[in-house]
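Both complexes shown next keep subunit A, but they swap its partner, so subunit B is in the first and subunit C is in the second.
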Partner chain A sequence: MMDLDKIIASLRDGKHIPEETVFRLCLNSQELLMNEGNVTQVDTPVTICGDIHGQLHDLLTLFEKSGGVEKTRYIFLGDFVDRGFYSLESFLLLLCYKLRYPDRITLIRGNHETRQITKVYGFYDEVVRKYGNSNVWRYCCEVFDYLSLGAIINNSIFCVHGGLSPDMTTVDEIRTIDRKQEVPHEGAMCDLLWSDPEDVDTWSLSPRGAGFLFGKREVDQFLEKNNVELIARAHQLVMEGYKEMFDGGLVTVWSAPNYCYRCGNVAAVLKIDDDLNREYTIFEAVQAQNEVGNAIIPTKKSQMDYFL
Partner chain B sequence: MSLPGTPTTSPTPMDEDTEQAVSVNTEPKRVKVYILENNEWKDTGTGFCIGEVDEGKFAYLVVSDEDSPTETLLKSKLEGNIEYQRQEETLIVWKDLGGKDIALSFEESMGCDTLCEFIVHVQRNIESNISLVTVKSSDNGLGSVHDIITGPVTLPSNDQQQNSQTLLEALKILNENTSFDFLKNETIEFILQSNYIDTLISHFHKAEEEKIPKDLFLLSNIIKTLILYNKRDILESMVEDDRIMGIVGILEYDTEYPTSKANHRKYLGSKGPNFKEVIPLENEDLKIIMKKCFRLQFLKDVVLVRFLDDHNFNLISEIVMDLETCIIDFLQVGTFLDRLIELYDTKTLPESSSEKEKFVQKRKDGIRLLQQCVQMSINLDAVDRSKFYKTLVRKGLFKVLDYAFHMETDSNVRILATDTIITIIEHDILLIHNVQNEDSFKRQHKSAPDDKSSHRKYPQDYSSSTDSKLLLILSTILLSDRSPGLREQVVQALNTLLHPEGCVGNGEGSYDLMGRSNYEAKNTSEDFPSFSYGLNSDSINLNNYHYSSDEMNNLEPESESEFQVMEYFANFYNKIAPILFGPLIKKDITTEMAEIDGQIEKVTKDDLLLIHLVKLVSFVCTEHDRVLSRRFILENGILDSVSKLIGGNHMMQLRLTAVRCIKNLMCLDDKYYHRYMISKNLYAPVFKLFQENIDKNNLANSCIQDFFRIIITECRAYQSDGHNRKEKTNGSYDGNGNDVKTNVNNNRTNFTILNKYLVQTYGDVLRKATDIPFIQDMLETGEENQPDHSSFENSIEGGNDISVNMSTDGFASNHLEDIDIKNVKRLHSEIEHFENDPHYSGDQLAFKKSVDQMNAST
Partner chain C sequence: MERIIQQTDYDALSCKLAAISVGYLPSSGLQRLSVDLSKKYTEWHRSYLITLKKFSRRAFGKVDKAMRSSFPVMNYGTYLRTVGIDAAILEFLVANEKVQVVNLGCGSDLRMLPLLQMFPHLAYVDIDYNESVELKNSILRESEILRTSLGLSKEDTAKSPFLIDQERYKLAACDLNDITETTRLLDVCTKREIPTIVISECLLCYMHNNESQLLINTIMSKFSHGLWISYDPIGGSQPNDRFGAIMQSNLKESRNLEMPTLMTYNSKEKYASRWSAAPNVIVNDMWEIFNAQIPESERKRLRSLQFLDELEELKVMQTHYILMKAQW
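Entry: the complex of A and B
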């Protein structure tokens, strides 16, 4: 068996992980993830986290500010990769935590956890840069296919990356999706990962080109039909870190501070206690540090040997 | 010369065009002259206006009265810092140094143009402090838009003695000058013509030595501002040999991280310019271009990664692409590629062991180099790419690949070789094949120049050609190499090579060969649904293809390339597929495959390999010509093996992949597959797996729920179809998430039959899960509906024995072997009956016969 603690320490320091190790991590994660439902059950107390986008050092800050995985249960709402410069380390770190503390951490698929999107928005390039070939990217994409599409906390809070779908309006229906596939361009699975809440009267076309816009009416219906009180989702940058909408029936949580290293936003996580009280923790980007505590500047690794 | 520390205001360099266009005096133009008096514009007369220069030193705007030409209406000197405003098309307005407001209203805008050119000329050559601006009402009609046409430009001090003050001033000026195109262009001109960047670099070294952080951060911001000017020439000048280290050095300092410093110089110093030269480059220009290219990429990807906006990013990418095109061009002219590929001539192996080791290493590096060149070519124009790949193939790329796949043992190197192949075939599947054909075509033409049909003669030659060799190599690698990364790549290559859409749609190469092509040369990779990554922004671009087997069946091979494609697939099923799918072929059939027989025992235990193979089964069944693929699949009992994997002692990933394969085949709604899977009880393991997971909230449960949902959705659609045709099925997906096209006439009945069969056979399992609403539906639907059932058999089968068996006794397993044999026989006869089909053309018959012939020879 792998020495997970050792790998975790390497990842936290942003060190190179051998391809072979990544492969085994990914394979072991698959086994764990496939035992979870499309909408997986989670107990309180739990801390809900939004988009990470490869900002490894901010992810470390997140754990630090919210108790750490040794003591706290977490749900991550997807978009672990792309944009930032440490997509691989961020995703693998979460996988390692998942393997090391299976009950403490739940990972949900975001719209960036797909082959198509990661090819364009950075994760693919990052892997090619770090390994000279794309194998590790392929392994990770295989894991993406196994990630849950949502979670439900104490049967009361529905968690999803994007939002609702007009095709499937109950949690039971969502359970009938065979999720092990590249995210389709339309249909319920796509909508859950792509939709956004908006001040609209009914389902509307999304400017993103995938998913829908949904309003208070759709949210209220979903809450009533499924007997839940809150939809927690991520997917949209919120300068203040979180934003409640529709009389508190929906919240957007965003956990990548200073998004893309330039947006200047703060980040938030949402803690749900046993009485379903909500408590937000706000945090800012801090200067990244290397393993000996020296400040470092987040950057991309240059390409491998140049042969010509 | 101005004092250090103050901005210089200098006349801009002479513009020769302007110089010649405006001679000393301009042509007279008709104008009305207005003077502002007591806040009212007063018309002082109409006349002809010229621009006049006296003694080359003094310039005037002169208007002479049109009625008495000797009388001057206006003579106004261009001097001091007068600002001339051109308002709309025909008006020039200014306040002279005496404070008088003057306006010239031209009869024609052309006249106004002439005098404006004159003002520009005077500003550039005589009175550098005057300026000309245009004022136009903005598009929305509210307010106005100003633009500077000419005028004095404030530029940063280029004094060798810089300090915080001059740098701060420079930063301010450089930022301000971006607000008007004129100022921006003049500034760019200054930066390119002067040694300003060198001045900055030299001060940088001083500031670093003397540890003046303020200057260092200012310098960094100045360089960044210059980059934001987004000018190709500036960027290129920054990466020249004597500047690059200074520039990245300056950019190591970043006000966002005031307490740290990046180490770009260290990186570049140790790695960047020292390229590994596997094959020495002879061309010095090429080396310069390569360095430039590398440095720009380094700037884009590392140094400026958090800083660049989209415009900058695109500009740098564009320059890099130009340089790459240039590099790829250069590589093809000299002997570089020949010398590279010579490395893989087996006879050139050195004798001494240390030399040999070095040489082996060199060969590895050569493959890396090739892969890098091919990677570099990805961004090039499609024509350039084709040209480069053809050159590679002609020069003997296959020697290299042969070496990689047969001699090389390092998986990492083999991965790069596969990557090279994937890049080429994804660009154009037929390219390799066509280059080969072209060669043999030439050879044949040499020997028999009059034989016009010679290319007709070598489908045989073709079938054993590079494509097949490639398929065979890839299949063997997949079965024998355990490196998971290599396998993934090989599967991708196989998917590309075996994609009929790519083969049929890409007659580009045959155009070279035969001078005609029925198909537009498509831009390849974007056309493949499974590899289409053509996304922009966060939006998804729907690019689904559904390959319909009916189209292929009715396709008459009119062109040579189509004929070849059909040959190609026939050859695949005869020669390659039995090896590729060997581990899924029943033992008694595989005994013929002596060459890989030894491996079968091993690979059947290899679940990760089986996952790939089962996915490939889904792929060929869905995408290939139905008759061809189905025959292979059924005759070799592949589905039996797939079904066994569901129940077997395998990893769950594989078991579910097998369920999906069965699900995909069911979705094809092919009556032969339907019948086969029912008669052979292939659904049994699915129900066993369902029972294992019936109370679990996990992927297996969802996967099978999806399976049932498809069946009941199809049944419901059939039921409502009788009343209402418009109802559309939903929820049936193939492996790529595409809607499965269904044949309205018999598909619903196929599913009704299936549902009935499943309910009868596995009702006890289903009844345990009636909390799932659609399983309740399945049960209800399956227990009614008798009439439909029988009429289906009569209409489709005409009383065929198999289906009667199926429906009457519920498939007692002791009948299975019996049914199996009949079923296989039936499939043979199914092909034959097409001979009576009027749609079945002579060409297709020829094709079928060649298939049979090859089949016999296997």
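Entry: the complex of A and C
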């Protein structure tokens, strides 16, 4: 058996995790995730969390502000990796919690949990920088393929990373997808991870180049057809941390404060209680510090990206 | 401080090379480039990078590495900045027969190459810190295709105060904070009565308020007709907007770079107020330009190049960069 508590402690300190340990963590995680459906059933009370993007220090703040995994049930809506400088540690920490407290934590796949996107947006480079080869990246990508595509809370709240798909309008249809693969460039699985809500009259092309834009009409239809009252999703930066749309039928939750160490936004998590009441907790970015309290510039990059 | 500011040119260069390598640039439509010039645009920039290696392996390494790890959100921004400025230049060039361009803080910018070929009556002056223009001079003369495009000789034999002194193209060293030196230089290399385009692309943001205002006033009174095109960041003026403050702190911490007026001219309007002497001033943030000036066909082309993972982030960034056009 692996000593998960010890690995968790190392991760929280930002210590290097041996390749062999990562390999076994990933293997065990796949075994566990394999048994989950495309749409996991989750009970209340539960706290819904949006994009993390490798901002490990902010992930630790998130747990601190929302009760911690020992006492609280969590759903993470994906985008654990890329952009931030601690994608690997953030993802492994969530996997460790998942293995240690399987009923307490649900992980949903985001559009960044793919081979193609992580090669462009930083996770691949981070692993090569930290290990000198890409093995650990490959182990993680194998886990990505097993992550759920959604979750449903008390049969009333549908959780997904991006949004809806014109190809599949019921949760039961979504359950039939063969999800154990790299995210395709089109089709329902792609749309669930890429689509965005917008003030549009009908399905429209997404400016991101994948997925669709959908409007109030599509959301209302989905809610009615599936007998749910809310779609909770992440995927879009919201400067205020969360944003309800379409008369409260959809909410975007964003959990990466000061996104990319640059955007100046706050972050939020959404707690759903047994009566399905919504309670938002807002939190801000903290500056990583070393043992003597000096600010650590959390980067191996020589600079932040600006137009100069 | 001077060296720190000069080094921002490597950022601009690596951003542009990244945008070119993925295919964002050139935009033959918006930059009005023929098939031949589009091809050359890419070749010129590639050659500039390869030749840079001969003069500074360190700078080359830095630029090459940054170029390879550029995120799509940066490529979009570089694209917008480049085509935004080029479109403004082209509009003026098409409307006026004989024009001179003064590019203040030119760095490694190569936009004079296509423009000089497209507009036979155009004269073009590149000005920057001594060290920056010396490097540019060396590269332009060393690279065969760059040298040929300008009709330069490999060795600089002419006795001239300028590093390059041609009929239509001049490359000159000057500290733009020194208004006496700047005035003296412009007196020799420009003509007062010719309609003049002045470009300041990420230049004024590094200057102190007095120096930048003096530069603006002096140049505007020097030329009888002109168009000033300026691209810069703004700090943001909304109550909860922290972008500017974070930008200042990030740049200070990571490279000791300062932007003294970022929070002074924190809105489009305040930024443009420095050209209040001009009767016709238009200022847009780059997000407005993305939405209003980039045709759908072009946006479709951009979408096909890379998946953009976060549109809101693009919006946050691009609402904090502006393009100002002041005509007098």
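By our rule, the second predicted complex is superposed on the first by the 293 of 308 C-alpha atoms of A that agree within 3 Å, B and C clash if a C-alpha of one lies under 4 Å from a C-alpha of the other, contacts with A are read in each partner's own complex, and residues count from 1 in each chain.
Criterion: contacts are C-beta pairs under 8 Å (C-beta built on N, C-alpha and C of every residue); 3 or more make two chains touch, one makes a residue touch a chain.
These numbers come from a predicted model, not from an experiment.
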{"item": "Partner chain in contact with A:181 - subunit B first, subunit C second, else both or neither", "value": "first"}
{"item": "Contacts of A:82 with subunit B and subunit C, given as first, second, both or neither", "value": "second"}
{"item": "Which superposed partner A:248 touches (first subunit B, second subunit C, both, neither)", "value": "neither"}
{"item": "First, second, both or neither for A:239, with subunit B first and subunit C second", "value": "second"}
{"item": "Subunit B versus subunit C as contact partner of A:120, first or second or both or neither", "value": "both"}
{"item": "Partner touching more residues of subunit A, whether subunit B or subunit C", "value": "B"}
{"item": "Touched partner set for A:37, first subunit B, second subunit C, both or neither", "value": "first"}
{"item": "Which of subunit B and subunit C A:261 touches, first, second, both or neither", "value": "both"}
{"item": "First (subunit B), second (subunit C), both or neither touched by A:166", "value": "neither"}
{"item": "Partner chain(s) touched by A:208 [first = subunit B, second = subunit C, both, neither]", "value": "both"}
{"item": "Intersection of subunit A interface sets (partners subunit B, subunit C)", "value": "111, 117, 120, 208-210, 260-262, 295, 297, 299, 301-303, 305-308"}
{"item": "Residue numbers on subunit A that touch subunit C, as the complex places them", "value": "82-83, 111-112, 117, 120-122, 125, 196, 207-210, 236-239, 258-265, 295, 297, 299, 301-308"}
{"item": "Subunit A-touching residues of subunit C, taken from the complex the two chains share", "value": "8, 11-12, 15, 62, 69, 71-74, 77-78, 81, 202, 233, 240-243, 245-247, 250-251, 253-255, 257, 299, 303-304, 306-313, 316-317, 321"}
{"item": "Sites on subunit A touched by subunit B in the complex", "value": "19, 23, 30-31, 33-41, 85, 111, 115-117, 119-120, 129, 132-136, 138-139, 146, 167, 172, 175-182, 184-187, 190, 194, 208-210, 260-262, 287, 295-303, 305-308"}
{"item": "Residues on subunit B engaged by subunit A in the complex (per definition of touch)", "value": "254, 257, 259-260, 262, 267, 271-272, 275-276, 278, 281, 290, 294, 297-298, 301-302, 305-306, 327, 365, 368-369, 372-373, 412, 415-416, 419, 484-485, 488-489, 532-533, 535-542, 544, 651-653, 656, 660, 663, 696-703, 705-707, 709, 730, 733, 735-737, 772, 774"}
